[in-house]
Each structure stands twice: as structure tokens, then as C-alpha cells.
Amino acid sequence: MKRVVESHLRVRYAETDAQGVVYYANYLVWFEVARVNYLRALGFDFRSLEQQITVVIAEANCRYLAPARFDDEIAVRAWVEEVRRTSLVFAYAVYNRASGQLLTEGSTVLVFVTLGAQPRPIEIPTALRQALLAEPADGECEEPVVVCKS
Amino acid sequence: MKRVVESHLRVRYAETDAQGVVYYANYLVWFEVARVNYLRALGFDFRSLEQQITVVIAEANCRYLAPARFDDEIAVRAWVEEVRRTSLVFAYAVYNRASGQLLTEGSTVLVFVTLGAQPRPIEIPTALRQALLAEPADGECEEPVVVCKS
Amino acid sequence: MKRVVESHLRVRYAETDAQGVVYYANYLVWFEVARVNYLRALGFDFRSLEQQITVVIAEANCRYLAPARFDDEIAVRAWVEEVRRTSLVFAYAVYNRASGQLLTEGSTVLVFVTLGAQPRPIEIPTALRQALLAEPADGECEEPVVVCKS
Amino acid sequence: MKRVVESHLRVRYAETDAQGVVYYANYLVWFEVARVNYLRALGFDFRSLEQQITVVIAEANCRYLAPARFDDEIAVRAWVEEVRRTSLVFAYAVYNRASGQLLTEGSTVLVFVTLGAQPRPIEIPTALRQALLAEPADGECEEPVVVCKS
């Protein structure tokens, strides 16, 4: 039973392109918004992390199924697919909230690394690992946690 | 007594730059978000407009007073400074919601134009003009209207 | 023997993020620049295409090996990995021009579709297919074609 | 007689919006590209500056006269309008290279500040001030210096 965090946003004009739809790179921006909201919902303060170690993206993948348009209301669901020693795999699904249609699916691999000129992979901080692996509370995952503001 | 619409958003990592602060062009994106929310709060459907006539930006100005950083919660206040025959002047003030600090101030001039290869300025649609000029209802403007999702 | 087109660009401040490196979504923008240059180098006028049929991205993938920083001079190599009936697979490799280091690798799937409200996949235009499949001229591929301006 | 540095770029698909033209905030990105090229043409290494002091934008203004479209070849001319004690005023003019049409005009105010949590304005570094104020060499300004790659 997985924990899913859902972020709501509305398509900005800035995010559209000359085809009248959201430009393909911008879904990776939404994935980032969803990922940050996921970690925050877990009680994780992203800014405190940044002082000691940091995370980098090692891989990003996205499949585009249907377009989003200006002013559409969007839901981005994020969950953790895999917890490894020094990295996490996040998965995402982007929906049009009015129609319920699935628009894109994707994943990213996040690696925890040391700060500095020569970053090296480092173990996921213990508190975060425990929070990620903790069994969701009863009923917590029947519906995604919704994070309104992005 | 002016109508002020306040939009709330959170700084995305994508919006920061190598100085660790929000890149200066991104405030114009936030202005657009605030402007669209303002017009929506007035009962204006931006997408219906786009079918007949359209709006273009003729001018944008921004003064930068203090930086915003990743994950900061931001309020963007928007109001109409001036209603002309074929154009509108919007003004904006961007705040850090935690500290209340004013971060940037700006304005944009929007011109209503005909669609097509040779756009010409055209009068602001009557319904919109009336809505823009209508006296706000009693108490409506004591506090800004808050539009949570952007 | 494949045809490789190399595009040169310099990292913009706008493309960096608070980690001081290029934000991960921006590599997909560079892929687009490289893809457009590839097709132009093949004699393909992207704007003429857009009038009849259009292309959409069905999939994008990126692996991040090393960061790029503000003002770095970058080479993006693009080539066609596979020509299918209605789609093309492009592959990309991004290098730091000063060090020669490989920074990211990626691929995108482009699908040719009809214009209109219900886009359907359509065969790759014959002239383009022939150009894509034509054996590169002698010596053409010993070095990538370099497209300076992006 | 002023020194003008001209940067050439091509409109990226990512820079367009649903109106089929370049999104208004992106001109500020091009201003940054032009400004960095201007300073580099003056022999100024932007990256070395960043280690000691830094520059922030205090103000940005843009007037939009005509749109740019995908794949258009663009020239951005930049020059210094005013050299103050701790700040510089840059001006910009953006042209369509094929038609010669002026598309946008703008300006930004750059302030030199100390690094750290409480940045304070600081005098423009002497070497840079001298380079900015030096009389252009004979013939240098008859035509803008052209910086191809951006």
C-alpha cells in the first residue's frame, strides 16, 4: 500500500508553447513540485537538507499521452517506487482534474550526494529513510494526500 | 477603493538561479498568474476571450527590492491601475508571506487586439469594461480576495 | 554510419538553479534545439511542416552524468536512432566543450500527427523519410556537422 | 559614440507560448544573454566576479512592439546607457534579423553588491569601470560587435 501525494496546479500561460499545449520540458518542473510536496508531506524539510547534503537528479523519464492547455486544472500524483541505499525512485502521474484523463507518466531517480566540488553518493539520511519506509497509517492511503498550493 | 486579488504560490526550484534566488524574469510569470486570477475573480473567462479577440502585452516593468528563495511562500497582489479604451494597466506587488516583506513591484500594459496576421487594437469588451469599472461591493475590498491555487 | 549534427550553445543564467547548475528540465530544451538544428541541416523546414501536419513528443528520457554551469560552452549532438512508420527516435549527447566531458545523454520519441482537435498518427512525410534514410555522403559523418547558432 | 554588442540567437520552441509568439518574460532572458556577451566582449570574466562580489538586478523594463516567432533569427543589441557609482543601466533593442524590424526595447539596472546574507551596494570594480568608460577604439563602434553564439 503506497503513500500517494497529490499536488494541484493550474497551467500557466508561460508553460504553453506555439502548439497551444504545455511544452514537454515543463512536466519535469511539475514533477519537481510534486516531489517537493511529497517530501514535505512526509515531514521532511527540504531546506534543512540542503545545508548538509544535497540531492541530484540522475535520471528523468516522461511519457506523454495527452496534452494540457492553458488554465487547465492539473493534479500531479507522486509516490516513491523504490528506496535504495543512496537513491530514491519517484514516480508521477499527471491528470486533467476536470476530465480525469491521464496526461503524462514519468519517473525520476534522485541521488543523495555530499556537498562540495566532488559530490559523492551518500546514504539517504536515516530519519528520511524511516519515514519513507514506514507503513502508512490506517486509511492514510485510501485517497491521495492533497497538497493544494504549489 | 480598489479591488485587489491576491494569488498564493510557492517558489519552485525551477524558478531559482545560481545566486540561490528567483531569476528576475520569473516575476513576470507570476504577474501573469496574478493577472489571470484577477480576471477570473471578476467572472471573466480568459479562454472564451481568446476565441474572438486576444490580449497582448505592450509593456512590462519590475522593480526588485528583495529576493525570494526556493520553497518560500509568496503572495502576489494584482489590481487594475487604469482602464483605457483599448488597454489596461495592471499593477502588482509581490510579498514573502512569512515575513510580510515586499519583494518586487511591477506593472504591465495589456492591449486588446483583433486576431489574425495584422492585429489591431480593439475596444475592451463591454462586459469586461463594466466589470472592471464596477464599484466593488461593500466590504469586498477591505481585504484582498485570495486565490489559493495558481 | 550515422549522421550527427552538433549544436553549440552557452549556458544562460536563466538555465541555472539554486544548486549553481543547469536545472534538469532545461536539457530537454537543449534537446529540442539540437533536434530542430538536425532537421534543418537535413534541408527540412520545420515551419512549413507545421502548416500541414505536426509533431508531438511521445516520450523523453534523460540521464544526468555531470553538471553544466553558467557560461559553460556546450555541444549537443543529435542523431536519429530509429525511423518508424509514424515516429522517429532521436538520441542526444551533451558535452562540455572545454573539457570534452559527457554531461547528459537522452532520447525523445517524435510522432507525426494530423492537425486538429483529434490528432491521429500519420506517416512521416516521404521527402523527410527519404532524407532521413539516405546514406550520408562520403566523409559527411567523419565529423559531426556543426551548427553554431542556436 | 557608444559601444554596442550584438548577440544572435534563434527562437526556441520552448520560448513560444499558446499565441504562437515568444512569451513576454523571455525577452528578459535574452537581455541577460546580451548583457553577459557585452561584458565578455569588454574583456570581463563574469565568473571571476561572482567569487568576490556579485550583481543583482534592481529594475527591468520592456516595451513590446512586434512579436517574434519560433525559429526566427534574432539580434539583441546591448549597450551601457549610464555608469553610476554602484550600478549600471543597460539598454537593449531586439530585432528580427530577416526583416530588420525592431521587436522590443528594454533596460535593466544592475547593482554591484557584496556577497553574503546582507548584500550592500558596493562600487563598481575599478577595472570594469575603466573598461566601461574607455573611449571605444577608432572604428570599433561603426558597427556593433557581433557575438554569434549565445
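In order of appearance the chains are A, B, C and D, and numbering begins at 1 in each one.
Operating definition for what follows: contacts are C-beta pairs under 8 Å (C-beta built on N, C-alpha and C of every residue); 3 or more make two chains touch, one makes a residue touch a chain.
Please read these numbers as outputs of a predicted model, since none were measured by experiment.
Of all residue numbers that take part in the contact between chain A and chain D, over half occur on both sides, making this a same-residue interface.
Put simply, the chain farthest from chain C by mean CA position is B.
In this assembly, the C-alpha centroid of chain A lies 26 Å from the C-alpha centroid of chain C. A separation of 35 Å divides the Cα centre of chain A from that of chain D. Centroids of chain A and chain B (each the mean of its C-alpha atoms) stand 28 Å apart.
Residues of chain A in contact with two or more other chains: 13-14, 25, 29, 32, 70. Listing the residues of chain C that touch chain D in their complex gives 8-10, 12-14, 29, 32-33, 36, 46-47, 70-71, 73, 148-150.
Considering their complex, residues 19, 24-26, 28-29, 32, 54, 56-64, 67, 108 of chain A touch chain C. Per the touch definition, chain C reaches chain B in the complex via residues 13-14, 16-18, 20-21, 23, 25, 69-70.
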